[in-house]
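In the two complexes that follow, chain A is the common piece, with chain B as its partner first and chain C second.
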Partner chain A sequence: MLGYTAKRILMLFPVLLGISMVTFLIMCFTPGDPAEITLRALLDTETPPKEAVLELREEMGLNAPIHVRYIRWLDRVLHGDLGYSFQTHRSTLDEIMLALPITIKLAIVSMLLSILIAIPIGTISAIKQHSLVDNIGLIGSLLTVSIPDFFIAILLIIIFSLHFDIFPVAGYGGVEYWFLPALTLAISMAPITTRLTRTSMLEVLRQDYIRTARGKGLAERMIIRRHSLKNALIPVITYIGLQFGWLFGGTVIIETIFALPGIGRLLVESIYTGDFLVTQGCVLFIAAIFVFINLVVDVSYIFIDPRIRYERET
Partner chain B sequence: MMKIKLNTIGTWIALVTILGVIAFSGCMDKEGTNTEKIEVEKNSGAPQELTIGSPWAPKAINPYSGGSYILQRNCIVETLVSIDYKGKLAPGLAESWEVSEDGLAWTFHLRKSVKFHDDTPFNVDAMKSSLERAMEEAAVFKSIPIASVETKDDHTLLITTKEPFAPLPAYLTKGESAPISSSSFDENGKFLEPIGTGPFKFESWKPKEEIRLVKNDDYWGTKPKLDKVIYKGIPEAITRIMMSKAGELNIAQILPPDAVKGLESADNIDVSTKSIGRVRLIGFNMKREPFNELKVRKAVNYAIDRDALVKYVLEGVGTPARCLFPPEFYWANTDLNGYTYDPEKARNLLEEAGWIDTDDDGVLDKNGKPLEITLLTYTERAALPPTAEMIQSQLAEVGIKSELKVLKCDAASEMKKAGEFDMFLVGRGLLFIPDPDSIMMEDYHSIHGVDGFLWYGYHNERVNELIDKGRVTMDIEERKGIYDEVQKLVLEDAPIVYLNYYVNIDAVDSSVHGYQMHPNEYSFHLENVYIE
Partner chain C sequence: MRNMKNKSILIGGLIIIVLTFTTVFAPFVTPHDPTEQNPEDRLSSPNDEYPLGTDHFGRCIFSRLAYGTRTSLVIAIAVSAIVVSIGTILGAIAGYYRMIDNIVMRFADIALAFPSIVLALAIVGMLGPSTPNIIIALSATGWGKYARLVRGTVLSIKEKEFIESAQALGCNDAYILFRHILPNCLASIVVVASLGIGGKIISIAGLGFLGLGVQPPTPEWGTMIKGGLPLLHVAPHIVIFSGLMIMITVLAFNLLADGLRDTLDPRLKDMMMK
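Presenting the complex of A and B:
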């Protein structure tokens, strides 16, 4: 297993290289001169002084051909230098380190909330198929999966902040600020997890070994807890892992609505303001996190399902 | 291998408990601060604290790399020259200034008894080093012809330019040139925090979230009444509106027109609207048919119903434009009446230009070619796409068929540079440098027309001469006359359709007084604001 993990970690490098190359190319083919876009955002004017644009082009190294620029960038990254933001003159690493903790907290809290909503509902829906809980779960899932997350966010703000005045509308501070953004994300992530849990659970409950377990007179609770749920959760965990990876960078709308300066917002703002070193840095980080989470998910199967072993292929 | 038991029910109970505690402590915290606030409000004479929410998040606090706007708007730093509410220059840290006969040497008389927030005196040396640093590091100063900055005596600064350059004082309103104390830097020249001369002192900040200010009791001008100001960056307008309704913001800045109705019904919120120096306009591509012809350009000017645009696109919050500058601005030529909606006149002009609907398909044609044009605009400014749609239908009324191209700003400007458009709809800032020279040079002078902002091929020798003259004329009244004439000539040549001026919308808590958005958004003048 150690060998497998090591191999997966080594695989990270070609993956990141490929991703960085693709991002670099996309950025190069996007219309507009990054120096001009940067100054437009920095100075808040449509027409930045031409002298300043020329100087910044030089500083950004835009006068060199694409492949030279990419190699220069790569060289610096390999030496641990991700460059700096042209908007704030802070290093890309500083920018990411300001934003990442916010997104990590948001991702963890919303993931937990989502699991808390999805797995009980999914399990009960499977055990008591066509019951009231199952039907409510179905309707709820359909509804929440169809409503865009920004709308859910606004509804939650109206209910919890304006009407009941329990949580603050937006901002970043104590724990009370995390509840609404996390709940919004949880509500929009939960439906698919719920349905997946239900389907997977139904499938497991029809297996022979469950019938055997029942036949030998095992208590129903025991069957559900030890024999069914654990097996049914394997696909669910894969999906939750993917969702968790998506949360890094995928939460930009929620981060914008709740005024949380997380990594999704950093990425999107860097694209809008021509801050390409920050864009590249964010993409690298997000990709690395995504790959890492996938690895953790794959490794976690071993703990859930002892049949799965990652043997060295010979 | 370790075997983990997934005791599901147990896990859920644990999670529910944890989250319950989080949620509960959330309520407690919130209530805690609430009661605190109420007590503060009851106790009169207690500290006055103002919270502002704005889309401009504080990205940096170094004035030379992206922080100057936030510092200047929040009154931490001040410049030599300031701008009044009509967009005209006014004394700032300089009490007065004059220029030599040849227009090359500028003398600025600095205000005495001004102190930085660290109690060091503001003098000509501090001003000189800040200005030199700005010229070295700030992008906005790269294009101005300063030859030297010298000190004459303790409160007299002498700036010489390489050529006569009337807009110089206007450049000295830019926040990058504001003096900051030498203690803003450490011994290695690394920036620490902004120490300026303004009515508010910098206290702390969280990047991209907020800046906290405290009042400067030793301020030389109007003494600030607020004790503390918290300036928050809230990127989403809906969030600012809801925070304002929930009482989390005293001032929610820069809101969309559709917010006004909802806010007016709230009892404790006033909606403050104010014209700002920005105009929506359409530039014609004068290099090709059909807009190389004056009559066709004029016809479009008459065919557009500017009142309807304000009423339906801007929900009534906006002012139809007559000329380049909004009428409340000093530089506006208020004698001009612009073009008024007259579709009959538009049709006649088009007919005179030879465009007649011969095949009865509703679209005019000339020599067998239908009158079809491309109207280009971009999505970044929310009101532009619906404005374009409405103009499309207004033009159809007089027989002009238009194809809309709505792109991202950068893609649209590539098309504009390639000349692949007939009409280009933009929002144009007027007083980035609070002097007409920059906008005149960029948009109306033909030497810059080629790679200037509008790229539309306007050329009028007389306009060129006047703009050149305005640049070297030092007397402000005389310059006003020059730019009045330029505005008149441009209106006659109709290279542009002026549509409407931007109106800034802020939601202000009824207890807040003295607040007004500045027409070029350069300072909030918080020293005038108080809570009652």
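Presenting the complex of A and C:
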């Protein structure tokens, strides 16, 4: 088990290195002089003195060949220096640290909501196959996967904000501002989790140990709760973990619609204003978080499911 | 059950045929020019003159949606063609030659490490929103999935006896790869690609919705939703019809993929979840 975990962690390094290269290259193609941008932020002026710019260019090593620049940039990034936002004049890292908790909160709430929707429907669909719930679940999930999340958001705004006037359209503040964005993401994530729960549950219900449990006269409710659900949820939990990683990219449009100042909105805003150091920082952070979550999911999988542990170690 | 698969292929296929027809014959099936502005008719609800009403410039929404099909389908299919080709070739090479397997697959890992919309946004933001740039941006991450899929299939087929006999007959690697191995991967590629087109259409609309998609006045569904959003309380039909159009199109490709998967390759069900 330790061997697999170690191997998996080692594999992380080339991927993280690749992510940093791609992100660095994106920055290289952007218009504008990073030295001038940084000085504008630091000195709080639109026209920093020419000599200072030249000096900083030299200091930042912008005249060096690209691979040297990359290594120097990587060194700075590893020391937590992602440059400055020329919009707010704050450091990119500060901006991201301000935004990240909001995205994490949104991701957790919407993940919990989607579990609340998906697992009961999936379980009932499996126990009562071809019933009304099963059919509605099937058609519902087919339709929902086909709707872009931003359209789900707009439909929810029409229903809950414009028609019933229960929740605010957009903004950031109390609990009421979180409900619609979280529900939107939950609805867009739920269909696949529902289908997966159903498939996995059906699979488990066919197993011999379920027949044994029935044979010894155990109540059906006990069989479902004690024996089936626990086993059926293993692949579902893994999938939910992966979805949690996707959420850090998936919240981009939703945060923008609902004006929640998370990392997704920070990314979009930085693109609108041409604040490229912030864009770079956001892309780097989102990709790194995504990779780390995948790692955790992958490793925890072998802790949850002994069968997999055996398979991967041999 | 068999009936179900055929039905979903049939319905999905039928919608796609109608959409393709619309794309090709857009000038003949639309009542108005998609960019024609009629200020006196602005924000009108669906009527005889405008089947789906008009937007804030008095442009015919039906015509714009029809032309928007062109934008979305052309980009989605172009992106799919690119990512399928790159992914298939790299995946096949990685699966067949163990020597470079590790290198190619680490590149695939890197491509898959970016949530696609995030990298697409950054690339479009950097290069500027135009059709070729959107195609590049959406292709940048998409190929990784196909590389993994094809590599896996190649690995399992490579050990089969018919490959061994082809090698014994003295066929060269390229011949074996293209004539014996890749045709066996085709079913899975077709299924994943048709599912992928649906996803691409959503991404294109997403970029449009953020104002980083195909630029006006070219009709594009996501951009139309963005334009209609501030008018939600006076003219909700703009947003609703555009959203429904995206939904129907994506649904068609999902139905097709679902049906194809059950018919061609039932074992894919597990693979696609991962």
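Methods note: the second predicted complex is superposed on the first by the 227 of 314 C-alpha atoms of A that agree within 3 Å, B and C clash if a C-alpha of one lies under 4 Å from a C-alpha of the other, contacts with A are read in each partner's own complex, and residues count from 1 in each chain.
Throughout what follows, a residue touches a chain if its C-beta (ideal position, glycine included) is under 8 Å from a C-beta of that chain, and two chains touch if they have at least 3 such contacts.
Everything numeric in this text was worked out from a predicted model, so none of it was measured.
Of the two partner chains, chain B is the only one touched by A:Leu56; chain C is not. Touch criterion not met for A:Ala232: it reaches neither chain B nor chain C. Ranked by how many residues of chain A each touches, chain B and chain C are led by B. Once the two complexes are laid over each other on the shared chain, residue contacts for A:Leu156 go to neither chain B nor chain C. Looking at the shared chain after the overlay, A:Val252 reaches chain C, while chain B stays out of its contact range.
When the two complexes are overlaid on their common chain A, residue A:Leu205 makes contact with neither chain B nor chain C.
Of the two partner chains, neither chain B nor chain C is touched by A:Ala186. Of the two partner chains placed around the shared chain by superposition, neither chain B nor chain C is touched by A:Leu100. Residue overlap on chain A between its contacts with chain B in one complex and with chain C in the other: 30, 154, 157-158, 162, 256. Every residue of chain B that touches chain A in the complex is listed here, in rising order: 1-4, 6-9, 12, 15-16, 19, 22-23, 25-27, 29-30, 57, 59-60, 62, 65-66, 69, 139-140, 142-143, 206-209, 232-236, 238-239, 242-243, 245-246, 248, 408-411, 413-414, 426, 428-429, 432, 438, 442, 451-453. Residues 30-32, 37, 39, 42-52, 55-56, 87-90, 98, 109, 112-113, 115-116, 119-120, 123, 154, 157-158, 161-162, 165-172, 174-176, 178-179, 225, 229-230, 233, 256-259, 261, 265, 302-304, 306 of chain A are the ones touching chain B in the complex. Note for the complex: chain A touches chain C at residues 11, 14-15, 18-19, 22, 26, 29-30, 142-143, 145-148, 150-151, 154-155, 157-158, 162, 192, 196, 199, 235, 239, 246, 248-250, 252-253, 256, 267-268, 271-272, 276, 279-280, 282-283, 286-287, 290-291.
Residue ranges on chain C touching chain A, taken from their complex, read 106-107, 109-110, 113-119, 121-127, 198, 202, 205-206, 209-212, 222, 225, 229, 232-233, 236, 239, 243, 246-248, 250-251, 254-255, 258, 269, 273.
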